[in-house]
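The following pair of complexes shares a single chain, subunit A, combined with subunit B in the former and subunit C in the latter.
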Partner chain A sequence: MGEQKSMTIKGNMATAMGAKLCRPNVVPAYPITPSTLFPEKMSEFIADGELDASMINVESEHSAMSACIGASATGARVVTASASQGVALMHEMLFIASGMRLPIVMAVGNRALSAPINIWCDHQDTIASRDSGCLQFYAENNQEGLDLMINAFRIGEDERVLLPVIVGIDAFVLTHTIEGVKVPAQEDVDDFLPPYKPKHGTLDHRDPATFGSFAPPEYYQEFKFEQTKAMEDSRDVIDEIFADYANRFGRDYKKVSTYACEDADVILLTMGSMTGTAREAVKKMREEGKKVGLAKLTVYRPFPMPELKDILSSAKGVAVIERNISPGSTGAVYAELAGTFVNEKKRPLLKNFITGLGGRDTLVDTFEEIYDKTIEVIENGEVKVLVEWIAMNEEVMR
Partner chain B sequence: MTVKITIGAINKEHGSSKKYKTGGWRSVCPVVDLEKCISCYKCYDYCPDAAIKKIEDGIEYDLDYCKGCGICAAECPVKAIVMVKEEK
Partner chain C sequence: MTQNEDIELFASGHRACAGCGEGTAVRQILKVAGPNTIATICTGCLEVVSTGYPETAWEIPLIHAAFENSASVASGVEVALKELGRKEGVNVLAFGGDGGTFDIGLQALSGMLERGHDITYICLDNEAYMNTGIQRCSSTPYGASTTTSPSGKYSIGESKQKKPIAAICAAHGIPYTATANIAYINDLKKKVKKAIETEGPSFLHVFAPCPTGWRHGSDDTIEIGRLAVQTGVFVLWEAVDGDICNLKVTVMPKKRKPVEEYLKRQKRFAHLTEEDIAKIQQEVDEKCDRYGLPKRE
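Let's turn to the complex of A and B:
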C-alpha cells in the first residue's frame, strides 16, 4: 500500500481531494458560500491536468443537479458541491436523482437557510432534504470529509444501493478551517474503488431508452418500495465498505461512533463538527467523576436505528443536540430517535437541545449545561420540556 | 397490459406509451351524429389526445385514448357531437 501523504488543508479542499482521488468524469457545479472552494479546486485539478474530467459551469443549483442527473445516467462518475439555498434550489432534482437510482456524490458545506440571511454552520439545509432518498453522511473534521467522500462513491455505486450520497461538512468550522489530513495514494483508492459500470442501463444514443419514465398508480408504489429497499440494503453495505476502508487506510468509520459510553448515565448525541468540542467536554466531566458519554451520528440516512438502540438503551438519559429545528415539532434526529425507542421496554429518557444554529458556537460550557439539564430530567424521572434552546443570546432577545 | 418495473424506471421499449390506454380516465364519452357532421374536422384539429380519426364523410373516435375532455363537442360548429355520461 502506498504512503498516505500528510497535508494541511481546508475542509473544502479535503472533500475536493477525496473527490479527485475517485476520478470523477463530470463535475457540474454552481458556486455558493461556503462550498465555493470545491468547484474552484476541481476546476484547477482539471486545468492543471491532474484530473481528466468535464467541468460544467451551470446557471443555478437546479441546473447543477440536472446536469449531474444527465451525466450520471450515461454511466459517468459525477460529483458536485453545494450548500444552503443551493441545496434548497436543487431539492426537486434530488428526488429525481434518487428515483432514477443515480449514485451522484455531493459535498455540502452545511449552512443555515434564509431568512434572515446567514452563511454560517447549521444542518437545516441537508436535513430539509432528508426525505429525498439520498444517503447522508456528516463529517466531524476534514479527515472525515475526505474519507467519507471516497466511501460515498463506493457505497452509492454498489449494485445493492445505487443511490446519491450527500457528505456534509460544517460551514466554516470545517469548510474554511485548515487541519492536518492524511491523503491516500491514488493507486490505493483505484484499488478500493472500481470503475463505475452500471448494469441496469445507461443513457446512450445508440441504444435509446426512457429514463425515470412514467409510472401510473399501478406502478409508482412498487418503484418507491424498491428504492426504499435499496436504502435499507445500504445499511449492511455501509458496514462492509467502512470495514474495508478501515483495513486498507486505517481509519475506522461507524454509522454511530462512541466515546466513554459503556457505563454512562447520560449520553450526548451529536452530529458534525460540534462532536470535537463535545468530546472535550465529556473528557473534562469524566475527570470530575460524571458518568457521561458521547455518541456521534456519522450516517443520518439511512437512520441507524439498531445501532442507536444498542448504544443508547443502557443510558438513563440521552441529550439529542441538534443544529436544526422543524418548527412545530422537534429537531429531526430527536423525532426519529423517539420513533426508534417507542416500542422498546428499556429506553432512556430523551431530551432535545437545539443549539449552534446559524454558526452559534457550541462551547464546552454548552455541553456542560446540557449535561446538567439532562441529569435534572433523570432525577425528575420525566421530560417536562421536550425541546430546549441552549446558548441563547439573552441580550438580543425582545 | 402489465410490465415489470426496472431500476431507475428505465424503459428500453420505443413508443410504449401507446400501451397505456388513457381512455380509462374518461367519465363522459363523445358521441357523433354523422348525419349532422359536415366533415370540417375542427374536432380532429382540436383533440389534445389525437383520439379522433378522419374517415370518409365524418370522424371516428379511438376510445382507448379519448379522456372525455369534451373539447370536440365544444368546438363542433354544427353541434354534431354530444358528451354522454358513461356508466362503468
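Let's turn to the complex of A and C:
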C-alpha cells in the first residue's frame, strides 16, 4: 500500500480529488454555487495533464446529466457535480440515468431550493430526487466526501447494482471549508477500483443495440422491478465494499454509524455535517449524566431499515433531525423511519425536528434543546407534535 | 449513390403511419450514413414507432433518453467515443422531431452546435406535435389548423410564422447547414453525405409531410413534399460555415406554382379564405425574392 498523502483542502476539492483518483473518462458539468469548484478542479486536472479525460462544458444541468447518460451508455466512466436548482433541473434525467442502469457518479453540494433563493446548506435538493433510483450518500466531513466518491464508483459499477450514485457534501460547511484529508495513493485506488467494463454492452456499431426503448404496459413494471431489485441488492454490496475500503484504507464506513448509543434513552438521528456538532453536544450531555446517543445516516438510499431498527429499537425516544421538509407531511427521514418501525412491537417514540434550513446554524444548544424536547415526549409517553421547527428566529416570525 | 444502397438499417415492420414522411427520411438517411453510425433520438413519433420493446427497427446502435436532449445525449456519445479511442470512422447522428428541435430542445441543440461536436443533427419536421395529437409548435406554418391552434370564427388557425430554424442553427457559424425534403431524395442524400463528411457540427432541416396531421392522402406524401418546393413554401438550400448571406439554393424550381396548389391538398388549410391564401402567397413571394427564386407562374 502506498502512503496516504495528507492534504488540507475544501470539500469540493476533496470530492474532485476522489473523482480524479477514479480516472473518469468524461466530465460533463455546469457551474452552480456551491459545487462550482468541482468542475473547475476537474478542468485544471485535465489542463495540467494530471487526468486523461474530457470535460463537456454544457449549457445546463439538464444537458449535463443528458451528456452523462450518452457518455456512460457509450462505455465511459462519467462523473459530474451539481447542487440545488441544478439538481432540480436535471431531475427528469436522474430517473432516466437510473432506469437505463448507468453508474454515473455525481457530487452534490447540498443546498436549499428556491424560493426564496438561498445558496446555503440544506438537503432539500437531493431529498427531492430520492425516488429517482440513484443511491444517495451523505458526508459528515471532507474526508468522507473523498472516500465516498471512490466507493460510489465501485458500488455503482458493481454488476449487482448498475445504478447512479449521488454523494452529498453540505454547502459551504463542507464545500468551502478547508479540512485535513488523507488522500489514497493512485495505485491503491486503481487496485480497489477496476476499469469500468459495462456488463450489458455499450453503444457500439460492432454490436448494435437499442437503448432507452419504449416499454408498453406488458413490460414497464418488470423494468421497474429489476431496477428496484438492484437498489435492494446494493445493500449487501455497500457493506461488502465499505468493508473492503476499510481494510485497504483504514476508514470504516457504515450505512448508519453510532456514537454512545448502547445504553441511550434518547438517540439523535442526523445526516451530513450537523453530525459533528451533534457529537459534541452528546459528549457534553453525557458528561452531565444524560443517557443520549447519536446515529448518523450516511446511506439514505437504499434506506437502511434493518440497521436503523437494530440501532434505534432499544432507545425510548428518537429525535429525527432533518434539513428538509415535505410541506404537508414530515421530513423525509422521519416518514421512512416511522414506516420502518410500524410493524415492530418494540419501538421508540419518534419525534421530528426540522432545523438548519437554508444554512441556519445548528449549534450545540440546538441539540440540547432537541434532547430536552425528546425527554419531554418520553415522560409524556406520547408525541403530541409530530414535527417541530427548531432554532426559529422569533423576531422574523412576529 | 453509396455502397450502402442495398443495406436496410431502418427495418420494415415499424409502426409509423402509412405514408409517414419521417420513416422514409430515416430509412434513406441511414443508407447514406451506413452501419458505422450511432444515433440518438428524441421522445416523439420516431421513438414510439421504432423502439417498442422488445423489438427495434434500428440496425445501428440507438439511444433515446428524453424529449429535449437528443443533442446533449449525442454530445456525451461523441466525446466518450473520442475519449475511448473509438470515434475514428464512426458517425454520430442526432435525430429530433420539430418539437424536440424548434421548441423544447433548442437550448440543448444550440449548446451542441456552439461546442463544436462532430455530430450531424437532423430535424425531421412535420410541423406540429404529431405524437401527442397534432398540437401547434413553433414549426407550424401560418394558417394551419391544429388541435391547439384550431381554425374557428375568431381564429385563422396558427397565427404565427414558422420559426427559421435552419438559419438560426447556421447563425452559430457551424460548418454545414442545409434544408432538405423527402420528395427530393438525391438532394437529401447528397446533403446527408456532406453533413457527415464535414468535421464538426452540421444541421439538416428535413421537411417530412405527415398524412395524419396534415390530413392528406397517405399516397400523397411525396407529392405534397414536391409541391412545397415547387411553390417556394419550403426552399432547399445549403450554407457553409454559417454564411447564410451566401447560401446556395440547391433545387431551383423553373417556374413557381401558386401556393394554393400546395395548400388545397391538405385539410389543415381547408378553412382558408381566398384572402387568407393571398396573404400567404404574398409572404411566400417575398421570401422567394430573398432566396432568388423565380417569379410565380
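Remarks
In this text, the second predicted complex is superposed on the first by the 397 of 398 C-alpha atoms of A that agree within 3 Å, B and C clash if a C-alpha of one lies under 4 Å from a C-alpha of the other, contacts with A are read in each partner's own complex, and residues count from 1 in each chain.
The working rule: a residue touches a chain if its C-beta (ideal position, glycine included) is under 8 Å from a C-beta of that chain, and two chains touch if they have at least 3 such contacts.
This is a predicted model, so every value here is computed, not measured.
On the shared subunit subunit A, the superposed partners subunit B and subunit C overlap sterically. Touch criterion met: A:Ala76 reaches subunit C, while subunit B stays clear of it. Counting the residues of subunit A that each partner touches, subunit B and subunit C differ, and the larger count belongs to C.
Shared-chain residue A:Ile56: touches subunit C; no touch with subunit B. Look at A:Ser326: by the touch rule set out above, it reaches neither subunit B nor subunit C.
In the superposition on chain A, contact of A:His200 is made with subunit B only, not with subunit C. Once the two complexes are overlaid on the shared chain, A:Thr36 sits clear of subunit B and of subunit C alike. Using the contact criterion defined above for the overlaid structures, shared-chain residue A:Thr210 touches subunit B and also reaches subunit C. Look at A:Tyr219: by the touch rule set out above, it reaches both subunit B and subunit C. Of the two partner chains placed by the overlay, neither subunit B nor subunit C lies in contact with A:Thr177. Applying the stated contact rule after C-alpha superposition, one finds that A:Met100 touches each of subunit B and subunit C.
Looking at subunit A, you'll find residues 73, 100, 207-216, 219 touch subunit B in one structure and subunit C in the other.
Across the complex, subunit A meets subunit B through its residues 73, 99-102, 162, 200-201, 207-216, 219, 222-223, 226. Looking at the complex, you find that subunit A touches subunit C at residues 25-26, 28, 53-54, 56-60, 62-63, 66-76, 78, 92-93, 96, 100, 203-205, 207-216, 219. The touching residues of subunit C, counted against subunit A in their complex, run 35-38, 40, 47-48, 51-54, 56, 58-66, 68-69, 71-84, 86, 90, 107-108, 110-111, 114-115. The part of subunit B that touches subunit A in the complex is made up of residues 5-12, 14, 16-17, 20.
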